[in-house]
Every structure is written in C-alpha cells, then in structure tokens.
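What follows is a group of structures, each given as structure tokens.
Each of the next two complexes has chain A plus one more chain, namely chain B in the first and chain C in the second.
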Partner chain A sequence: MFFAQFVVRRLASLVFVLFSITFLTFIVGYLAPGDPVQAMMGAHRDPDTYARLRHEYGLDRPWLEQYTGYVKGVLRGDLGKSYRYAGRPVWELVQQGMGTSAALGLAALAVSLVIGLPVGVIAAARAGSTFDRLSMIVMLAIFSIPSFVIAGVLQIAQVTLFKAGLPNLPTSGWGELRFWVLPVVVLSGASTGYMARLTRSTVLETLDADYIRTARAKGATPGRVLVRHALRNALIPIVTVLGPSVAFVVVGSFVVENVFRVPGVGFIAVQSIGTRDYPVIQSVTLLLALTVVLMNVLADVAYTMLDPRIRTT
Partner chain B sequence: MTVSKSNIPAVLTGLGAAALVMSACATPVSVRTVVVTAPPGVAPGAAPGKQVLRWALEGINEPSTLDPAKASDAPVVFATGLIFRGLVQLDAQLRVIPDGAASWTVSDDTKTYTFKLRDNLKFSDGSLVTADDVAFSISRTLDPKTGGGSSGNGAYYLTNILGADDLAGGKASTLQGVKALDPKTLEIKLKNPSAYFLYQLNFITGYILSKKNVTSGDKWYEKPVGTGPFVLSEWQHNQKLVLTPNPNYWPGAPNQFKSVELVFYGGDQGSTTAFNDYQTGQVDVIGSFGQNPIPSQFVPQVKDQPDFHSAPQFVVRYVAFNNKRAPFDNAQVRQAFAKAVDRSKIVQLLGEASVRSQARILPGGIPGSELPVQALDFDAAGAKKLLGDAKFDPATKVVISYGTEGDNAKVLELLKQQWQDNLGVDVTLEPLELQTFSQKLTDTYNDPTKGLQAYYSVWGADYPDPQNWISQQLRTGVGNNNGAYSNADFDKLVDAADVEIKDQAKRLQGYNKAEQLAINEVGWLPLFSPNTSSMIKPYVTGLVFTGQGVVIPDWSAVRSIERS
Partner chain C sequence: MNASRLDRRALILSASVLGVLIVLAVLGPFIYTVDPAHADVNNLRAWPSAAHPLGSDDLGRDTLARLLSGLRVSLAVAFVVEAFTVIVGAGLGLAAGYFGGLVDFLVSRAADMLFAFPGLLLAILISAVFGASVGAFAGGAGRLLLVSGSLAIVGWPLMARYVRGQTLSLKERAFIESTRALGAGDGELIGRHILPNVLGLVIVSATLDVAGVVVGEATLGLLGLSAQPPQTSLGKMIAEAFRYITLNWLQVFFPSLALTILVLSVSFVGDELRKRA
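Showing the complex of A and B:
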C-alpha cells in the first residue's frame, strides 16, 4: 500500500518533468533564429513551395497550437518530421539509433561493474596496501581524463599499430565485436573509475559496523564476512548510483559515438544540432530526459526494496 | 552551386567508348588530369568477384534520399551516379558521350534533339528501358506534384527544355518539349539554342528512372532500380551503402567486384575520421569530393606520399560585394579593395600543394580560359589612391560575412589584415553558421539595400562550360548574383553568347569580353582555386581526376583489393 503510493507519486512527478522538458525544448526551437524552411530550400526562391512546406510542418500556426499539437503527437508516438531529412518521421530516424546506443551503453555499464566492483572491494579489503593505493590512483586517472582524450590516444595507437603491421582495432564504425572494443573501453572508463572508488569507500564504511565485528567474533572467515555481510549493505549506495550512472553513460555516449562514428542516438543528436534539425533535437532531448527520470525512479524503487529500513515519504 | 546548396554537386561519372557525335558540343576541355594507374610491380587485381572498394563519402552522415531528382550534396550525387544513369555521360576529357542513348541527331535550328536508345538497354531488374521511361523521368523531376517544382534541381538544370518552366511552375501538367516518338526514340525540344544542353542533361536530373519502381511507394529509393553499373544491396543507416555489380549494365557488369562500399563520414570531424580510417586501412579512397578534401593540417605530412593526389578543380573561392549598398556601390571602392589583396599570401597560408592563386573568374581548363583577361593585380599604392579618389570615409563600418567551415576563418583573417595594412580600413569579420549564412545570402538577393555588404563564397562548376561561370553568376538578376552586380553591356554580351551555337570562337570571345567587364568592375573578387586533396590506396586503379571531380571512364578497368 505504502509502496504503491510511493511509486504512483514518483510516476506523477515524471509526467510533470516531461511536460516541462517538452515545453522548454519546444520554446527553444520556436524562438531560435533561422527559418528552417528557408534552410531546407537553400538558394531557390519559390513562394509556393515555401508556403506549402511551412504548412506541412505546421509552422504557420500560432505557437500554442504548435505546442499542443506536438504534445498530442508525442502521446500518440508521432514525434514530428525531420527538417533535414525532408519529411522523414523523427521516430524513424531516432529509433534506428536506439538499439545501438542501448547496446553500447549497457556494454559499457557492464564493463564498469565487472571491473569497478571487484577492484573497489579488494582495495577496501586490503586498505592501505600497495594494491589499494595503486588501483585507486589508476581509477582516479581514468575517471578524470576526458573521454575524448582517451579516445584520441587510442586512435593514434591503432594507427601506429597498423603502420607497424600489427593487428589493430577499427577506429570507427559499428558492426561485429571488434568495432565494439574501443568505444566500450572509452565509454566505460569514467564509470569504472567512479564505481571502483565508490565501492571502496562504501565497503570500508560497512566493514567498520558493529554487526561486522559480531560476525568476526562469531568466527566467520574473512571471505564470508565480506561477501555475506558487508557486501549486501555496501551495495545499496551503488544501486542508488546506478540510476544516474545509466544517465551518465547515455550522455557520455554523445562524445564516444561521434568520435568513433557509432550510429546511435548520441550520434544522430549531435548531427541534428549541427544542422539545426529541431524536431530531432527536441525528440532526442525528450528521450534522454525520459531515460534519466525513469532510471532514477527505478533506482529509488530498488533502494526501498533493498533496505526495508528506508521509509520514503 | 552556391554555398547554400551546401556542396559542389557536380561530380560526374562517365564511360569512354564512342567518339563525339555532336559538332555543337563544347571544345574538349584541356585540364591536367591525374590518372591513377597501378605502379609497376603491383598486381592490378585478383580474380573477379572478390574485390571490395571502400569509398569515403565525407560531408554526410546519412543521405536524406537517393532520389536523383532531389539529391544535391556531392557525395550523394556520386552515389546516385553508381546506381542510376541517363542518356549521356562524360569521358575522361569531360566530353559528352553516349550512355543510355546509342546516338542522337540535332535539327538544323539546333533546338530539337532526337535520341535513339540502345537496343539492349535494361533496368537492373531486367525490364527493358523505353523512351516513355525517359520522358517520365524528365517530367517527374520538374513536376511539382512529384516533388520537383520551380525550386528543384530539375528546374535549375533542365530549364531550357520547352515547357519546363511551365510544368515546374504548375502552369502546365505535362512537359511540352519531351516526347517519345516510339519505344526507342525520344525527342527533346529546347526553348533556346544552347551549346551546353547535353551537359545539363548529363546531370543527375536527367537520370532514367523506372516508372514501376518510382511509383512503388514513398521509400522506393531504398530499393532503387536504375541503369547504372551497380545496384544497392544494403543501406546501413548512418553507416554506409553497400553496392553490388548490376548484371544488366549495358557495357557489362563490373564483376571483378564483390561490392563497393560508400561509407558516410559526416559532421565537423568527418574528414578527420576518414583520414584516420584510411591510415588504419578501413577505407580505400578519401578526399575525393572537392568540398571535403583531406583536412589541410594533414596535407604537409602526406603530400610527398605516392598515394596522395592533388589535382586542380573547377572551383573558385571569391569575395563578392553588394553593389546596391554603400560603400561598395561605388566601383572605385570595390576596385581598391580588390587591388589591396596579395593572393600570394593566401597561397602561402594554405599551402602551395593545396591551392592556386586565381585572379580571374574562369578557372584554368574551362573552354575560354585560354583567352586572356587583364586582372586587377595587387597594387597597394594604387588601391590607396583609388580609395582616396572615391572619397571613402575611413570611419565607414565595413562588414564581411562568411560561413564557418574549413579554412574560411583563416582566409578572412588574412584578408582583414591585408585591408588594414594596405588600405588602412578596419574590416569587421562576421562568421556565421553555414545555414545562417546561406539564409543571409538569400535575404541579400531579395533586398540588396538591406543585405550583407560583402561576403566570401565559393563556386564549383556544374559542367565545364563558361556559361556556368559568367552568365550564371553575374548576369543581372540571376539566382547566384547575390551582390546584385549589374552591367547592361555585360548582359548583352552573355545573352548573345548563351545562344551562339555555330561559331564556337565567337561564343568564347563574347564570354571573354564579359568576363573582362566583370573583372574591371569587380563583379567578383576571385582569390584562389583549391585543389582536390585526396588519398587513394595503391591497389586501387582506374580512377581519373578531372577539374570536375573523379571520373570513372570505365568501371571494368577499376581494380581494388580482394577482401573476404
């Protein structure tokens, strides 16, 4: 009962957030300088075609009508038509990239968990050791160096390998597994570093707790103490961070997808920004906002499920 | 095409076999062609059927369409030219030669062309091509109901066909000037005699489409049927187009290929990514489109490599002035600004391997460019004097606008410096996003009194004829004449030359005199002509670089490497 109330309240706030985002992106597109129909037509001056295109895109209607039309369309699943790719539905363009972005993002997240968690746990278990100090420095480094710098370095490395006649990885494109390596490595870098450091600190904190001392006193092996008692509690903050982490990965993919020419949503988004393709920009923004909000809701839900002590109001 | 069309669209492919049929054709274009042949010791190709050629399409991430009636970006034009073809094509010397049409005759008044289609001409799906298909295709490209209209490419290139403007403007529902006399014969009537009609027909708006294919649905171009050397076998969105040989290609399918991949490299960093991919062996040809060469910062490191190719192109970058707004409504002011520019500094800035100085309108190699023109040479003292004579107020605010891409900012900074040093005028630079810039050009055309004062732009030839450079740029009122240059004598000269068919020498003289007028009065301030800057893997042979871009005269002679 209580839980259901909580979920409903959170979903209601989601609706509010989405409305605000659609309104904001719509207003930005509406007020921005430049006439998209003029841009579409290029140098040709033909008043009849101009009028026809304006009507087709609904640009001759008052702004409130345009906005409500847009929202109604969104609820129906119609995200409007692209300016750049004359007449093509935005949904079709965006949907082409969604699968790719999801795959890339999930792979990067998986890598960051698979590497970050164990490193953090071991570092915490051996707090103060060389492994701890060294690994945390490395994790800090990959967290702070911008992804496009790492990407650039890796690309130069590939060129050098190729020139030396050694096997190398593709520096752009998407397809079989070998195309995945560089983009996933770069995209997972920051999250791995963050996960490792966070895990280390939460595990350390947990290891200080009373019940851990009790477990040790009872004679539990260090391994059992770690895994059965400490980890479960240490993971709660990790779970809460996973929500925003997904969002981070999605946004981070803007850079990675463009540097490595991966045809995902981030790629399409940057191209549409460059060509002032407002319908696509609006839709991508909406999509990203939706993802971020949903992931946060899920994280909150998971958090309350994991820790019954948490009372959410 | 102007900047606002976003790319130089005229990359034309051709097949060389038959000799010239038409005496009224333009004289052969003499331009230094770079023919890429296999160096000695390298086996030109492996067994047929397994070769893969990967060609970079820089500048786009995804073609908005493959419909020849609508495509205008150079890379997309190139792609359509591999799938579709028309009645005619160009050979390695950029002369018009037969393609879908086996031969043609011209009436005595030079206004009626009669084309005979090849007997065995088939679409890639095996169906026979008839004159009706050709008539349908041309009509479709003009008809506003099928997406043509007076602002389309069709109206631009085919305007000289009788009734074309009426159809495009919606005043007629059929195309008066094109008629299928029988299934293998097509008659085209022109409004005015024209020495370059066949060149205009060669462009993609003249490609032959299959009525059945085009009417099969909105996205018919995802399964296109044409008469070109290849068929589209896969369209990987935002990635590449995969083409395979067309078994029904009339000279014989280029079966040495397993596939030709056209890989998209769009966005600001597209050319850089393409360059990196070339370095890691992922793509075989880069920088083949004039507007998207290899980024200039990489040229010094590769210019001595054998796989680097730099060829002249029919492209000129220039400054134009608004002739209807102060201060440039005064010819002396324009001349002063022209004479204050030292082009050698621009060449130094951008690299001798990349650009050539250009002081006249016609680029070298275009017919007529062998006739000399007296250019306004660099003369700082003379420039200053002219400015004084014109009583130019040094406090006048002068703004020059340009689109931000490539090396434009660098060039404009240099010009600003030169005008400051040599004239004492502080010019304000106005960098604009490409779309905004193109819009402002349109606004300037529509109302010069409120438009830009001066702008920096580029023109790339649609076809190798002086008409495309002289009449089409600077005649009073033409679409590209955004600066509203106007001279009644110039107009008289070009109007006469445009319709002169019989006497080629007289025609070129006419354009030459007009060009001199325009140079004297600074209709354009031409600055430089960029070379193509491309790299081609040594195992790729059979490509020819002309002023008009890459021409592939014979696909059966093209080779690449085998790939699994």
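Showing the complex of A and C:
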C-alpha cells in the first residue's frame, strides 16, 4: 500500500524530470539563431530545395509538433540529423565518442569508490586523528579546486617527472592504458572528495547509534563493530551519493575530455560548436543529462532494496 | 586562542584577500597600463622578466595584463549572476512562499525543471548555441552577458527554494499574524517584516554561490564559450597555456593560482558569514 504510493510518486517525478530535460534541450535548439537550411545550402538558392530541406528537417512544423516529434525520435533512438554533414544522423556522430566517454567515466567512478570509501571509513573510525584531519583537508581541496587546475598541476608534475626518467604519461589523446592515467585521475577528483567526506559523516553518525554501543558492550572487537555493524548500515545512505557523483563525473568529462583531447562525447560536442552543428551538442547534453537521471533511478532502487524502512514512509 | 577569535582572523584574512583581488580587477588595468592584447612577437612564451613581470603567452601577450583583465571578467560575471540570482531568485521565492497557490506552483515547478539538469550542462548548451550570434550582434560585452545569463538561469532556483522555505516558516510566526491583525497590507508585510528577515539568508547564500559561479565561468571559458579574443578570461588563459605547457608551465600556473585564490577566499568569506548568520 505505502510502497505502491512511493513507487507512483517516484515515477511521476521521473516523468516530470524526463519532460524537463527533453523540453529544455529542445527549446534551446528551437530558439537557436540562424537558419540551418540556409547555411547548409550556401550559395544555392533554389526555393524548392529549400522548402524540401526545411520539411525534411521538420522545421516547417509548429513548435509543439516539433517537440513531440523530437521526443518520439529520442524514444526511437533518433536524435535528428546533423546540420554540417547533410543528412547524416546525429546519433552516428555522437556514437563515436560514447564508448570512450563511458570507459573514462566508469574508470573515474571506480577510482572514486576505491579511494573515497576507505578514506572516509578510516577517517571516521579515527575521528580527530592526524589522518582524519589531513585526509579531509585533501578531500575538500580536490573537491573544490576546479578539475582543470588539478589537471595543470598534474601535467606540470608529469613533465618534470618524465625529465627525471619516469615513464611517459601522455597529456593528450587516447589509447592504451598509459593514456588513461591522467584523465581518469583528474576526472575522479571531485567525486572522490565528495564520497570520502560524505562517507566519513555517515559512518560517524552510525557509530553514535545505540546498536553500536550494544555491540561494543557485548564485547565485539572495534574492527568487527566497524565492519559488521557500522559499515553495513552506513552503506545504505552512501548508495544515494552515487547519483551526485555521476553528475560530477558527467559534467567533469566535458572539461577533462577537452583538456586532454580525449575523443569522447564532450570533445565531439565542443568541436561541433565551432561548426554550428547545434543538434550535436544538443544531443550530447540530452544524453549526459539522461545518464545522470538513470543513475539516480538506479541509486533509488538500490536504496529501497537495501533499506526496508524506506518502504513504509 | 579560542575558536571564535580564530574564526574572526580567518574572516578578516579571507575578506582582505578578496578585497585585494577586487581592487586589482577594478583599478589594476589603470595602474598597470600594458595592453593585454598587444603581441610582443620578440618575447613569445617568455619567462618572468622586467618587460613582462609574469611572462608572456604564445602570442607574446603580457600575462600580468591578461591576468588583470581576466580577473575583471570573472568578477564582473559573478556580480551580474548574483544580482540576477538575488533579484529574480529571492523575489520569486518570496512571492511563492508568501502568496502560495498558483504562484507557488509555477515558481516551484519552474525551479524543479531546472534542477532536473545536472549542474553546468544547461549553461554549456545555452552559451554554445547562442554564443556566436550574440557575439556578432552585441560584441564582447554581449557575450559575457550571455554567459552570465546562462549561469544565472542555472543558479536562481536554489536561491528561490531557500527563500521560499524561509518565507513559509516566517508567515506562520506570531509577529506576522499580529501585524496583519493590526491592518498591515501585503506590501507592508513583505517589505517591512519578511524581507528584512530573509535578507541574511540571501546574502549568505549569494556569497557562497560566488565560488561556483567563478568556476562555472572559468569552465565555459576553458571550453571556448566565454570571453572571445581580444578579451580573455582566466579559464581561457588556462586552456590556451595547456598547449605549450612543456615549454613554459608558469603560464598555466599563474591563471590557475589566481583562480584558486579567488575561489578559496570567496568560499571562506561565505563560510564565515554562514556561521555568523
């Protein structure tokens, strides 16, 4: 009963979010200045061809119809046609970068989890210690210092270390594993900092709970209390930070791909701005926003499954 | 030394750093009058020297002069964005909380719609699609206004949400009810009793927001979406200097340092204000 209500409410808000994202992306493209068909045709001013192309791109229809057409297309996986490469589907252009972006993003997320979670747990277990204070300052710094500043510092360090004889970590391009190191490290910065600090505060909160005191009173060792009692319960709220972390990674990938010239969707999108191929950046924005929404939904589902209490609220 | 004295020192220190940066941005170009767009072709990617105190970039343009004008861009954009956020965000939040009903519904749904978009994505989209034509039509200043506008569109909903919440709780308080019972109208209630009580919240959240806006503008600049040549911005300087980082890393370092100091000092001031609010 309550659970059904919860699911319905969540679904309603999901529909609203999806509507917002598609509508805002559509309306920016709709209001985009200039006449793409005119630009495409250049000097050729054949009115018939002009009218035909406008019709082909659906630009002669009223905006509401264009919007519903846009949504229907997106549902079918059709993101419209490129303005620059006449007739070529945008999907084809964007697709070229999707594998790279996904690999980069997932690697960064994995690094954040592997570093952020343990640092947060250890800092909470030794609250007030030197490790706690130092690690939290570092985590705050990598969370709040812009990724491109960190990228600059790492590139400078890399150049210096390379001169000192260490292996070369490329600062530009994409390929075998050594190309991954710098972009992944930089991209994981914000989400690592965020995760570590949030993990610390949730674990600290859990360590204060009555059942922890009970476990201690029963003679459980500190390690057992931490892992079996505190961590298991603290992990539940931590699942929800996955959503925001994905958002950091997604927005960050725009910057990181362009700084390190990684040929992902963010790089393709920025390249398309120069050629005024607006449907490309429009589609990339849409896809990235949808990725974040999808991860939020997954985090919600995982949260509900892990924590029976949420079902009754 | 107790905590509050330490806090006060932190506030004074960060506020004076911020003050120095503002003075540098406003007065700097009048004192250090080197043209930031002048290309000194005999000194490309120069290291710091008497002619170029902070060196020069790959076109031989003076880094100190460009840093000062980039700082100006960062602060000007931040100022415009916060002005918009405070006026529109706080105004709509106040109206939504006070009048409720349809006004509340419209404002809240509009805010929810923008919240659906993660962070900077919408700002990137808007400044990318409209950038070129706004630049052609209204020049460099127009382009910066567009960047400010796109950041403000992303920024106002949070302010509206805070102010709406505060207004809702104020509305239920006894002093508002008794003032109303004494015959005060909506205008007087909002202007004399509610507004002064949300002002602290507005100032604190606007200050805390500045750091994000500065980084946002720098990010757009890095992607080539903010100031265009001959104008520059800190983000653009960093992006350009990345290309020859192996030859002169100081050119990446200086704008990054300026940006970091700016962001950290604003964050500290905002944090201290919040503790006091």
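Methods note: the second predicted complex is superposed on the first by the 249 of 313 C-alpha atoms of A that agree within 3 Å, B and C clash if a C-alpha of one lies under 4 Å from a C-alpha of the other, contacts with A are read in each partner's own complex, and residues count from 1 in each chain.
Keep in mind that, in the parts below, a residue touches a chain if its C-beta (ideal position, glycine included) is under 8 Å from a C-beta of that chain, and two chains touch if they have at least 3 such contacts.
The shown structure was predicted, so the numbers you read here are calculated from the model rather than taken from an experiment.
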Query raised in the report: Is A:F131 contacted by the first partner chain B, the second partner chain C, both or neither?
Result: neither
Query raised in the report: Which of the two partners, first being chain B and second being chain C, lies in contact with A:T49: first, second, both, or neither?
Result: first
Report task. In the overlay, answer first, second, both or neither for which of chain B and chain C A:F6 touches. Result -> neither
Query raised in the report: Can A:G29 be said to touch chain B (first), chain C (second), both, or neither?
Result: second
Requested in this report: Mind working out whether A:Q96 is in touch with chain B, chain C, both or neither, as first, second, both or neither?
Outcome: first
Report task. For A:T171, select first, second, both or neither according to whether it touches chain B, chain C, the two together, or no partner. Result -> both
**Report entry** First (chain B), second (chain C), both or neither touched by A:A289
**Finding:** second
Query - First (chain B), second (chain C), both or neither touched by A:I268 - result: first
Requested in this report: Using the touch definition from the top, say if A:V159 reaches chain B (first), chain C (second), both or neither.
Outcome: both
Report summary line: Where chain B and chain C land on the same part of chain A: residues 33-34, 155, 159, 171, 258-259, 270, 276
Report summary line: Counting only contacts in the complex, chain A reaches chain C at residues 16-17, 20-21, 23-25, 28-29, 31-34, 144-146, 148-149, 151-153, 155-156, 159, 171, 247-248, 250-251, 254-255, 258-259, 269-270, 273, 276, 278, 281-282, 285, 288-289, 292-293
Query raised in the report: Any idea which chain B residues touch chain A in the complex?
Result: 1-2, 4-6, 61-62, 64-65, 70, 72, 144, 149-152, 156, 170, 236-239, 263, 265-269, 273, 276-277, 279-282, 433, 435-436, 438-439, 441-442, 445-446, 479-480
Query raised in the report: Which bits of chain C are touching chain A when the two form their complex?
Result: 112-114, 116-122, 124-126, 128-133, 211, 215, 218-219, 222-225, 235, 238-239, 242, 245-246, 249, 252-253, 256, 259-260, 263-264, 267
Query raised in the report: So in the complex, which bits of chain A are touching chain B?
Result: 33-35, 38-39, 41-46, 48-49, 84-86, 88, 96-97, 155, 158-159, 162-163, 168, 170-175, 258-259, 261, 263, 267-268, 270-271, 274-276
